[in-house]
Amino acid sequence: MIRFTLQRLGGAVLVLLALSVLVFGLIWLAPGDPAKLACGDRCSPAQIAQVRERLGLNDAVLTRYADFVRGIVAGRDYSTGTGVLRCDAPCLGLSYRSDRQVTEVILERLPATASLALGAMVIWLAVGVGAGLLSALRRGGVTERAVTVLTLAATGVPVFILGLLLLMIVCAYLRWLPFPSYVPLSQDPEQWAWNMLLPWLTLGLFESAKYARLTRASTLETLAEDHIRTFRAYGVGERAIVGRHALRGAVPPVIALSALDVGTMFGGAVLTESLFGIPGLGKTLIDGVRVIDLPVVTGVVLVMGAAVVLANVVADLLYAAADRRVVLS
Amino acid sequence: MSGLGRVSGPGRVSGLGRVSGTLTRPAAGAAQTPPAAGPPVPSSPAGVLRRLRSRPSAVLSAGVLAVLVLLALAAPLLTALAGQDPYAYHDELVDSARGGVPIGSFGGVSADHWLGVEPGTGRDLFARLLYGARISLLVAVGATLVQLAIGVAVGLAAGLGNRFTDHLLSRVTDVMTALPMLVLGIALTAVVPADFPRPLLLILVIGVLGWGGASRIVRAQTLTLKRLDFVAAARLGGNGPWRVARRELLPSLAAPVITYAAILLPANIVVEASLSFLGVGVKPPTPSWGQMLSNAQTWFRADPLYVLLPAGLLLVTVLAFTVLGDAVRTALDPREASRLRVGTRKEDS
Amino acid sequence: MTADLVEVDGLAVEFPGAGGVRAVDGLSFTLAPGGALALVGESGSGKSTVAGALLGLHRGTGALTSGTVRVGGTDVGSASARELRALRGAVAAMVFQDPLSSLDPYYAIGDQIAEVYRVHTRASRRAAGARAVEVLDRVGIPGAARRARSRPHEFSGGMRQRALIAMALACEPRLLIADEPTTALDVTVQAQILDLLHELREEAGMGLLLVTHDVGVAAESVDEVLVMKEGRQVERGPVGEVLRSPAHPYTKALLAAVPRVEAGSGVPRGSGSGGSGAVPAPAPAPSPPPAPSSGAVQGGALLEVSGLRREFGRGRDRVVAVDGVDLAVRPGDTLGIVGESGSGKTTLGRLLVRLLDPTSGRVHYDGREIGGLSERALRPYRRELQMVFQDPVASLNPRRSIGESIADPLRAAGTLDEAGVRRRVREALERVGLDPDRYDGHPHEFSGGQRQRVGIARALVAEPRVIVCDEPVSALDVTTQAQIVELLRGVQRDLGLALVFIAHDLAVVRQISDRVAVMRQGRIVEQGPVDQVYGAPRDPYTRRLLAAVPTLDPDLARARRTARKEPVPL
């Protein structure tokens, strides 16, 4: 198990390196002069040259990549002309627009995204897995039909349409809630929760359709297996068969989907944040793209990519623990 | 090697039931039971079509999609017929005093403007929706083709190649499948010159980022197929490797690839709409459903139709594709019969 | 006399739907407490359906059941769900064919047995756990207390079947229903499981209802047999009587088709008599005859391999599938290769036709070394080395008509025109006993035996000089099996082919082979003329294999069972 874990972590490091090359390539390939972008419109050529020097843009590509990676691992220094600006360990560069460290910007925006994702996860696991199980157990009934039709309809509904419709109905017409505006948790927990309610529902319901379908399918598949027949033939009751045996078989696929889905979830989060004006990573990304603040864009991509990779390692381990049939290799 | 993907991915998710199967196979003594691994169920195109036609939901969604495609293709003709142009501003049709709300009921529906006009600009909504459909379908179909082309090529290479090739390509595929496509897509659109044609950019971005799933399916299917005895028999018959691949493997890959394309299409429509919604997709003034929805956020109360029309169209399109894809999958894979085995059904009333 | 343990009266089971099949049609029988009855029949005879009906397993499947079934006094047809649950496992317990898929992969074996025990006894968790260990120990699982914590995939096939039997024993049922309990097992393991079932029956006085396609297995295990065909009883009676002097023509035909491992050396092969019964058991020969030097036939070999070795995987995962094999086969000769699962016989077969590359060793064909040739360089030899595969489903491309499948080697060669190809294919179809007009039929329209004939036709059309048959009949019913063996023999005789016949079934191999090689763990432990190997085996493994083959003579079976009880080192 330890060997397996180390292997997986080693693999994750390789993937992260590949991702860093990709991300660095983005900056390098980007059209336009980064120094001009970073300096602003009213810079003199002398100032631009100074910025270019500061950002190390005169160095060879490989040197710049090495500096980029070194910055992430060990931090790096930027000379400001008058002094030295220290950018600490996971240094993702300096924002072109504000001269702030990208790491700082990301850390500031991270809590909003995290609270959105965690809250939504509670909803999609509860609603999705719950609905899937219910429909698998009430086969042939109205429940099954309803869940099947609803999940089929909901699969592939764009998350922003779901959010738009929720906003329109709940806030604009029924007026049950005011239009949400983000309040940090540290400032007022109650307001935070009320304002996050719609975003949670949006992202949570969007994701839950997939989980409902998967749970239903894998529960049904397990129920059709031979060992279920064995326990029926030995007088084990329906409740125990479903509760102990069928449910157990449905766990590994849900774990696998969760891992596969972190990336999709980030996509959903970007859209949800953009729709509800939540100042999270997604909104940072979109704003960064609008003003071509490349360090911020790459920083967010790198952080999200790292989250995906880590989630996959965790899921691998969970999966191996959940399904002992998997040969650890 | 990689930490990614061992677990994730369609292969693992759908292949779970088979984990035990691979351990079971009794090599000797399986005197009476049919061996577990067989070739895919043969399904003639005619049979699949017949099974599809017997499902009303499939027929309905196919009909809806056919109408949509026709409308999109005939968009220039139809708008000309309506005497409209998707790019023409009509300041006289919006109430500038009220911030640009269309004059008249239902967002300015009139004999000239069948579905009303766009708030703020007064552009004809019918024309813009139709042209939006063109973009949406163009990008989705184009991106799907790119995804399938890359996916089939990589999957085949991995499935037929040696250990090293397979290993390398599989890991790359794992990474591609796991990375957040929308996020990378957004980042990519940021670094491409502004004058690059946007629809083509979207096709390339979605296509290049989203081939992982297709590649996995093709690889898995190839690995299964190439172990089947009829492939060995073809080799013994004196066929060279290419002839074997072309005659024995490729035809059997068609069904899973078509099924997967039916899943990819609606997903790609949504990605295009999402990127446009975020303002990094199709650039104005080119009309796009996602972009309209982005603008519509401010017009909830004043002009609900402006939200509902593009949202409804997008929903109907995606739903029709999903339902049809689901039906195609079932029609191609009639394994439901195996669910009828003894003792695997609930008995208590 | 007490009431019967099982009373079945006019049982009929029908599966509605397309082509609605009546699987069981008016079957009646009884089984006294402690009695043992075998339901014997070929596939589609409805025997397993009867087993399921005894426990009411058809409920909820949409199957239409009529007639009455009483098991241990419970009327299965009218019992409530609760009564049915009380019956299942506690009064009558079932052992299934595939022990791996019949156990939940996620839970420890001991926990699964304990679960079943607790359902029926309301024992404490601890007591149930202890009971599980007890029954596991009873069925001969070494280190039961420790092994109870293992999951099914950590067990070998035989051990899994033992575990499933332990589960059946947990609640001390009065009836054990065994549905093809040994079909997925190797012959030596099969003998152990059958012995175990026999022991348990004697010890606990349990009734046994055995469902099997294998008449030999029935002869080994039960007092009475009921032969089924198409859902009906064909013949029923004491096992010795039915097997020795069958009354019904179907039973006669069935028994005639069963290959005998004891076939006397006097019986010329190809006589089709299928053996005449009382033949001495292949008792271990005390003094082996002077060994005719091991290995290959002298002179005239068409295909000869020496020091053949094949590995799979690398590093820690490396497996040696074939480990230093020497073989030879002459034109007009049949070489049989027997071995249990995992013995490497399939790998060997694929090496012989060069579907696989040997890791080392030589493959000599017609005076040339072809072991190291590339795919391209092999092309001229391909058609001369043909193969008939085990699985009649997987060996034909489902998308292609059978005529085109057979035509494939001709089209690849490209020397004949369209009319010539069709003519040759039709000839081949005729040769293997199929209607040439079914050229355009697709594989799914054919039965397993017919598909195997197609496979043979495809091999023949290439005009081969060697045909390797890899388990060509193991997926077929016994009567079909006999026909295919007969066909292969005829083809070989007419064309003077060198035939290699690989199988796990010792009796089938004896039926067709001139020489035989016994494989174990990638090596050939013994080879020689067939009568010598079967009549006076020299290797202890060969002897053990032969001793494990079920015999059709119940008395002999009894004697052999006693002999097997003597401790044999595994």
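By letter and in written order, the chains are A, B and C; residue numbering begins at 1 in each of them.
Criterion: a contact is a pair of C-beta atoms (placed from the backbone, for glycine too) under 8 Å apart; a residue touches a chain by one contact, two chains touch by 3 or more.
For reference, the UniProt names are A = ABC transporter permease; C = ABC transporter ATP-binding protein.
Predicted model, so just to flag it, every value in this text is computed and none were measured.
Asker: Could you see whether A-C or B-C has the larger number of C-beta contact pairs?
Answerer: Counting C-beta pairs in contact for A-C and B-C gives the edge to B-C.
Asker: Which chain would you call central, comparing Cα centres to the global Cα centre?
Answerer: Of all chains shown, the one whose C-alpha centre lies nearest the global C-alpha mean is B.
Asker: Suppose each chain is reduced to the average of its Cα coordinates; what separation in Å results between chain A (ABC transporter permease) and chain B?
Answerer: Computed value for the inter-centroid distance: 22 Å.
Asker: Any idea how many Å lie between the Cα centroids of chain A (ABC transporter permease) and chain C?
Answerer: From the centre of chain A (ABC transporter permease) to the centre of chain C is 52 Å.
Asker: When the C-alpha atoms of chain B and chain C are each averaged to a single point, how far apart are the two points in Å?
Answerer: Between these chains, centre-to-centre, one finds 46 Å.
Asker: If a residue has to touch 2 or more other chains to count, which residues of chain C qualify?
Answerer: Residues 57, 84, 98, 101, 105, 153 of chain C touch two or more partner chains.
Asker: Which positions in chain B touch two or more other chains at once?
Answerer: 19-20, 23, 341-343, 346-348
Asker: Spell out, as numbers or ranges, the residues of chain A (ABC transporter permease) touching 2 or more other chains.
Answerer: Touching at least two other chains: 225-226, 229, 232-233, 237, 249, 323, 325.
Asker: Quick check: in the complex, which residue numbers of chain B touch chain A (ABC transporter permease)?
Answerer: 1-9, 12-13, 16-17, 19-20, 23, 175, 177-184, 186-193, 266-267, 270, 273-274, 277-280, 290, 293, 296-297, 300-301, 304, 307, 311, 314-315, 318-319, 321-323, 326, 338-339, 341-344, 346-348
Asker: How about chain C: which of its residues touch chain A (ABC transporter permease) in the complex?
Answerer: 55, 57, 84-90, 93-94, 96, 98, 101-107, 115-116, 119-120, 151, 153, 164, 167
Asker: With touch defined as at the start, can you tell me which chain B residues reach chain C in the complex?
Answerer: Interface residues on chain B, with respect to chain C: 19-21, 23-24, 26-35, 37-42, 228-230, 232-241, 243, 248, 251-252, 340-343, 345-349.
Asker: Considering the complex alone, what residue numbers of chain A (ABC transporter permease) touch chain B?
Answerer: Going by the criterion above, the answer is residues 7-12, 14-15, 18-19, 23, 26-27, 29-31, 139, 152-153, 155-161, 164-165, 167-168, 171-173, 214, 218, 220-226, 228-229, 232-233, 237-238, 249, 252-253, 255-257, 259-260, 262-264, 266-267, 270-271, 274-275, 285-286, 288-290, 292, 294, 297-298, 300-301, 304-305, 308-309, 312-313, 315-316, 319, 323, 325-326.
Asker: What does chain A (ABC transporter permease) use to touch chain C in their complex?
Answerer: Going through chain A (ABC transporter permease), the ones touching chain C are 225-227, 229-237, 240, 244-245, 248-249, 323-325.
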